[in-house]
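Just below sit the structures, each encoded as structure tokens.
Presented sequentially are two complexes of subunit A, the first with subunit B as partner and the second with subunit C.
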Partner chain A sequence: MNEAPATLIGTAIARPDAVDKVRGEARFVDDLAFPGMLHAAVVRSPHPHARILGIHAEAARSMPGVVVVLTAADVPGENIVHVIVDDQPALAADVVRYIGEPVALVAAETRRAARAAVDAVRVDYEPLPFVASPLAALEPDAPQVAVPSAAEGGNLFNRMVLVKGDVDGTFAVADVVVEGTYETGYQEHAYLETQGMIAVPDGLGAIAIYGSMQCPFYVQNAVAKVLGLPLAKVRVVAAATGGAFGGKEDVPSLLGSLAALLSSATRRPVKLVLDREEDVLTTSKRHPSRVFYRTAARADGTLLAIDVDIVLNAGAYQTLSSAVLWRSLVTAAGPYRVPNVRVVARSVATNTVPNGAFRGFGSPQVIFPHESQIDLVAERLGIDRVEIRRRNVLHSGDRTSTDHLVRDSVGIAETLDRAAELADWTARLERAATYNRASRETKRGVGVACVLYGVGLGGKAPFLDKAGATIKLEPDGSIAVAIGTVEIGQGLTTAVLQVAAEGLGVPIDRIHLSPVDTSRVPDSGPTVASRGTMMSALAVLDAAGRLRERIERVAKAHRIAKREIAQRLPEIARFFWLENFDPAVEGWASTEPVSWDPATGLGDVYPVYAYATHIAEVEVNVDTGEAHVVDYVAVHDSGRILNRVLASGQVEGGVAQGIGFALMETIEEKDGRLIVNGLTTYRLPTIRDVPLAAAVDFVEALFPAGPFGMKGIGEVPVMAAHAAVARAVAHATGRNPTRYPLDPPRIKSLLGEKP
Partner chain B sequence: MDYVRVGSLAELGNALGRDGATLIAGGTDLMVKMRAGSVRPRLLVDISRVDELREVSMHPSGLTIGSAALVAEVLASPTVSTNYPLLATVLRSLGSTQIRNRATLGGNLANASPAADSPLALLAYDARVTLAGAGTERTLPLHEFFLGPGRTALRRGEYIRSIDLPTPRTDWDVFFHKVGRRRALTIAITSVAGLIALRGRAVVDVRVTAGSVAPTPIRLRAVEDLVRRRELDGEQIAAAHATALREVSPIDDVRATALYRRTVTADLVARFLHEASESTPTSP
Partner chain C sequence: MNIRFAVNGREVSVETDAETRLLDVLREDLHLTGTKEGCGEGECGACTVLLDGLPVNSCLIPAPQVEGREVLTIEGLADGHRLHPLQAAFVEQGAVQCGFCTPGFVLSAYALLRSNSAPTDEEILTALEGNLCRCTGYGKIVSAVRTAAERMRESP
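After this line comes the complex of A and B, so read on.
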């Protein structure tokens, strides 16, 4: 598209939503109220697996302030939360499959009354045998968790394979073979704003949903299905959304459905907002994983083959697990040329909370292994860790593990060189060695990690990779823009406005972007997969191009020169109005066709890939096992950077999240119960745990099909960060960590192992 | 639930006589428990505005800290940082800025968590607590105040009046290390504090305290007795390490295993003594 550097593109425009947010004026869902609004609370299963024998709600129904109590029998449409596979009920009917599963709903005049009524609903259960570990769930005699129609057999939700070349033959002749089994645990999104939805009767038998979400069109589909309404009667509006990180991809479909059921039953607005404890205990997390990874290489460090077995704990229902698993599968080789590949990936049903999307979406679980393995190869061969990556990273003209011939926008080698330069890699390694000779109590270590990320939904769901936009020239010359992907804190509003201003040739302060409303734009797919800004920017550019033509035509008719258009737009807009020209245009974007063959796992699975190299330095206390990140370098290739300050913010936040995943965040599970009490016992990094002087830089390998050469960035920072930190711990301790989080007890125990 | 904010010790005495009265000052522990439903007070008696309970004053026999003095106020006191540097160091690791601006020293003691931070310094400085009730007042050493997790010597109707620290030695070297999952706003997995006075390599006096390794924060008296008035050498430090391993009685919990706590506590005790021995000139 437009490859010429443009004035607004890349400029650090201040985010227009900052003032509302800083002043506390942005309207998050719990700030909204509607006349006659009721408050919802959810009766949830206390058992990991049980049969529901009876629900006794009479006492709750007669409590003061209680308006209605609903169970599965009261669902007017299909009792299904539609995500990918229709196995999850909105309200459990016969069987509950995880602790926290919704069983009944209460709407009352106040939140307090609703919660009190929840305690008064008595549910008789017959506890059933349960299984919480995915490996145990795969045993032939395991309790049946998965809804049979949603599984390939037993509790195996999905099994996917990727096979290329001659793996066994290559391992037999390779100079070096290294292997390891790597495990990661839960990660909680910990968005600032907990989940919340309001359902409101919208007139003419329609319903409107206001909420905190990433995917308004998912919510629209789910609500229509559960209420038995046509899609046109369901309008979804994204409220200001206080962070999401994937946690508001599928979960709002469930919560929106629950609020909608209550609103439909009472014909009143109903608000459902989770408190932090309920949110942490009952909503999706990053899939815990176990990955066996074997790597074959030549004596010069060239990677020859990988053999990978991936198991993800999906939880009780499918939700997004098949899509998450698919990304694990096609990302397993990382940003490296590997000619011989075998990956077997399985997602398994267990009696635990359904896991879903989390920034990185199944890739961190394979990145920890692939970055550990390449370091093990380097160590065995005595090759520097940056050098071995240089010898293996993809270049234009290479083929990925899925046999995708990549030509455009392949910047991984540049990120690696730039990161090594910014980190002063060789000198830094020497400094660490000098430090470690002198220090007994603490040891320094430096780690490097390279990642690749397929932008968009790719071959697993190509039908979702589209977006719409509408632009309207108002009679005063201001511009109203509507799109279908959501501002969730990532900076999409600012970036899309910059693109609109550039595309229209109009000052940015004349343009307004309204909140996403599904009645205003066609289904634009979800705000996920680092696609939100890229896709909406493309749709806006498409619309802007056509509106600009019309504006130029009208200007010409009135003898206004092209260079005067921006300045005299109010005048031109007035001519539109007086002379009855159509001032509204629609824009549309869809990605290039992708291909994927489920039998082999091969294909051109994504339209384009983003890349990054991160380098972390840590200090480990050998007495206590504490690790602390002391310095950091992050270099990204996300094509053209639309707004450098916002892009850097994405990187810094992702680094913090990656440090948390590698060093401290986890939730223990016992008998199907998550042992966590909100954010009191779930430990996120604080400002003292993140490197304040992190160096962030971008190499811009332009993507010709992206807006001004841009591709996505959102997820990539966290993907690289945890691995760079873990590999720095490996360097400092001289051991190969195979399990997150690397908290003080685990590092202490690692130090007790043989190097 | 009722709430009353008292303005004087007399009003406090009256309010505490009422049924089901629970004291609240900063509320940083209590409010969390109330929200979780594990504590359901019938009457909250707010002592945060009782001036007599907020003094921080140095006098000839030592330092008196009112039980409702904010942690931030104690930290802001120049006499604390000058005369009781270990207390300042330990309190800087308590919670976060926001929590230190609300939490009180008395509350940190009354909560009686085995992982509490402030007791490590207070035990090391031989602090005593004054407990007042309806017309009575008694003083006891801090180590007798803690009875177990969440349990103290406070009787019904009593409150902590003040915490008193004797005048300290002027030649204490201090040590503190708190191990948490993160570097701020964290509950100690294990923590060790120490005071040591040396002449050459000879230990004139020493105090060692530890958190999260016993039902209450503790003094490691066996370690202290072992090294007091001895020369600090490698052998002595190894013996102290072995003694520390035996002297603690930690448990497994969600944060760490007992084995980790025991090992790291002993390692930190050794580190404390090792650093002290290295900081003194080796020649007599």
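After this line comes the complex of A and C, so read on.
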């Protein structure tokens, strides 16, 4: 790292990608076109579970504009969408396992022609018995949904355990025991840009994929497998991506494969863009969950033991469920010291759309319970809710539920103190009480939530936690940087540029960061788990350090003083050129080793944790059951904040998603069918549903191994927000909600219950 | 059928049919891809354009309806390389994340400020409540509109 003062770090540089975006000139995938490009549409299963008896495509093939119709028989490579476990076909061959599963593909000259042809493809099915509920799917006589090789038995995809200390013994002697069963439903990502991919023949038998995605290297692997091509012949380029939130982690591998199949069959560019209804019905969502949670505590509020049983509805294929479940498992205790822990976590196959990554990744499902439970303990013991958290949060030198001794960068206690101070906690509680005494129709409530988030992929997939970067000094003194993680709106471009400028000691406007192209950098893993900025920044710093050294050597040889380097870079670059110095440097980063023992669930499961405390105030109308967030405080420890505007933008956006999850967002399922009609019936928070004057602050517990001390931030805000809001509703209503969303009917029925 | 209308001050003529939406004509025939399709259902506002000065969802407007009228898209807002004050404020205030909703928000706000140079917060919310953003949580968008309104009042 260079010794110049870190002047750019922490400053609110405006994002360079914003200019094109406000002008309407940023190119999202549906804005791209290639000469001769065809449009794709997908024939999908109308059944939750059925055998395919035959596919009749002749009528569709002869329709005007239709170029090709493909089925599983036409897949040149392996008919598999590779994610973690190879159970999901690109196109169903014999059996369909969920409504919306791709069965055949159409490519036509226009989008309209392609969609019309879909209706003309006749598929004969023999419907099979199906099961849509995970508990029913675990019954011994349940229909077999899971591909047997992908399951531990029956429809049980994964079972994981975490066991520490003496749980039963502790429960037997504890002063207080509280328990509850908590349920959450679907949450749809509702990124404003629907999913889309374009596959383009790239010359010499290669293929290029342009699209909206988080994980270009996942797409590269998936496309290579389905086409039977070597990885070197598959080049993936990330287009401007209109939001992702985890929804564009694994699904682009499927959609990229489908576009690639059509492109390879027709030898023409093919665009596949989902419309909103199709996107909501057929792409991954947050796993619905049922969590039983029992907590034991001492009379002074010290948490002694937890006993947790987690069931996630995985949907028909594994996709990312094992990784999501793992995070539920190791996050179940929250940011608290709990010496005795038992967690059993299961993900279960059902005949519903495969669920996948959604910001928080399996943690919100356990945070709702752990934050509810600690409040119940506080209530039983008559301890203030902030105070009980103070007595239990992790400090440096403590051990997490997985027995990880945490030393560096443990800022949870500071976030709690700062949030309580910003919210004026005690006075606020009194004000709410005063308000409630005077008001019959509306009641105020205040909720607090604390969370811990393991940054990166952790012990479940350590081989993925790496990233590459290249930096090239151009002959004119400008600098081209390439990385392998993606700008999805979170601000990675800006943060990485700040780090590059800092590492190179040159002005930021001399540096250009190009969109991810898998042919330019080594596999850098996925843009997920709040790792994208941290990992690419580390790789960029690695490269920048070495290029800086080389620049200094050339400068010295030409008697250019160090402090003149930034200004005289064009001259120096010229010397590189004339004297044949190598102007390109590769950078590489990998995280500290992590460990995890599947037998006990214990280990140093993540390199570092990020923390947050949120406090929400809501107003509940007891007549209508409507809840509204009226004030909000969010304090985060994500280590060093590279850019406050970007970081607070992440927080505010996550808070809105958390409010949505707690209060309004859900999808009902009936007979394996999701009852939803695009954004017409899936209700997202609007500008009227969010606290516009949220107080956002950061305590910076520096992470020594992070770039300039940073950890990650992206996922954390939503994780804390839903729980703070739900606990505020609990406070306002005097009831303990156990099911999301807390929409008007549910709040009314909650109010009907005995307090 | 052939329709004629003005886009961003320029007369255009397009061959289309009654099933085609204004959104498709803009994006596919005129290559004005700054207007986005977020839902195609009139729910998200990403496709907002101004029709005779008023904001509309272009995904709900059949193309023939714009015959003889004036359309303003996001591409018509900046003055060459100079951003419109609203656009500049969106950039500075961090009101842009993924940017997919941005053209729609900027145009809804533009329509507001044209008719009301000093909107209250309530008026800003009313003007923007038909636009969805999944990234920002809206706070910075409201600040951007306030900032732009102030600046435009200072140097109209």
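Assorted remarks:
What we mean here is this: the second predicted complex is superposed on the first by the 750 of 755 C-alpha atoms of A that agree within 3 Å, B and C clash if a C-alpha of one lies under 4 Å from a C-alpha of the other, contacts with A are read in each partner's own complex, and residues count from 1 in each chain.
Going forward, a contact is a pair of C-beta atoms (placed from the backbone, for glycine too) under 8 Å apart; a residue touches a chain by one contact, two chains touch by 3 or more.
Computed from a prediction, not measured in an experiment: that's the story for all the values here.
In the superposition on chain A, contact of A:Arg23 is made with subunit C only, not with subunit B.
In the superposition on chain A, A:Arg688 makes contact with both subunit B and subunit C.
Shared-chain residue A:Thr680: touches subunit B and subunit C both.
Contact with neither subunit B nor subunit C is seen for A:Glu430 once the two complexes are overlaid on the shared chain. Legend: residue contacts after superposition of the two complexes on their common chain; A:Ala12 is shown touching subunit C, with no touch to subunit B. Looking at the shared chain after the overlay, A:Asp476 reaches neither subunit B nor subunit C. Using the contact criterion defined above for the overlaid structures, shared-chain residue A:Gly653 touches subunit C, although it does not reach subunit B.
Counting the residues of subunit A that each partner touches, subunit B and subunit C differ, and the larger count belongs to C. By the touch criterion defined above, A:Ala190 reaches subunit C but does not reach subunit B.
Taken together, the two complexes place residues 677, 680, 684, 686-688 of subunit A in contact with subunit B and also with subunit C. Note for the complex: subunit B touches subunit A at residues 32, 36, 96, 177, 179-186, 189, 254-257, 260, 263-264, 267-268, 271.
Residues 27, 32-41, 43-44, 46, 73-75, 77-78, 83, 87, 90-94, 96-103, 106, 121, 125, 128-129, 131-142 of subunit C touch subunit A in their complex. Subunit A meets subunit C in the complex at residues 12, 14-15, 17-28, 30-31, 189-194, 240-245, 275-277, 488-491, 645-646, 648-649, 651-657, 677-680, 684, 686-688, 690-694.
Of all residues in subunit A, those touching subunit B in their complex are 441, 623-626, 628, 663-664, 668, 675, 677, 680-681, 683-689, 743-745, 748-749.
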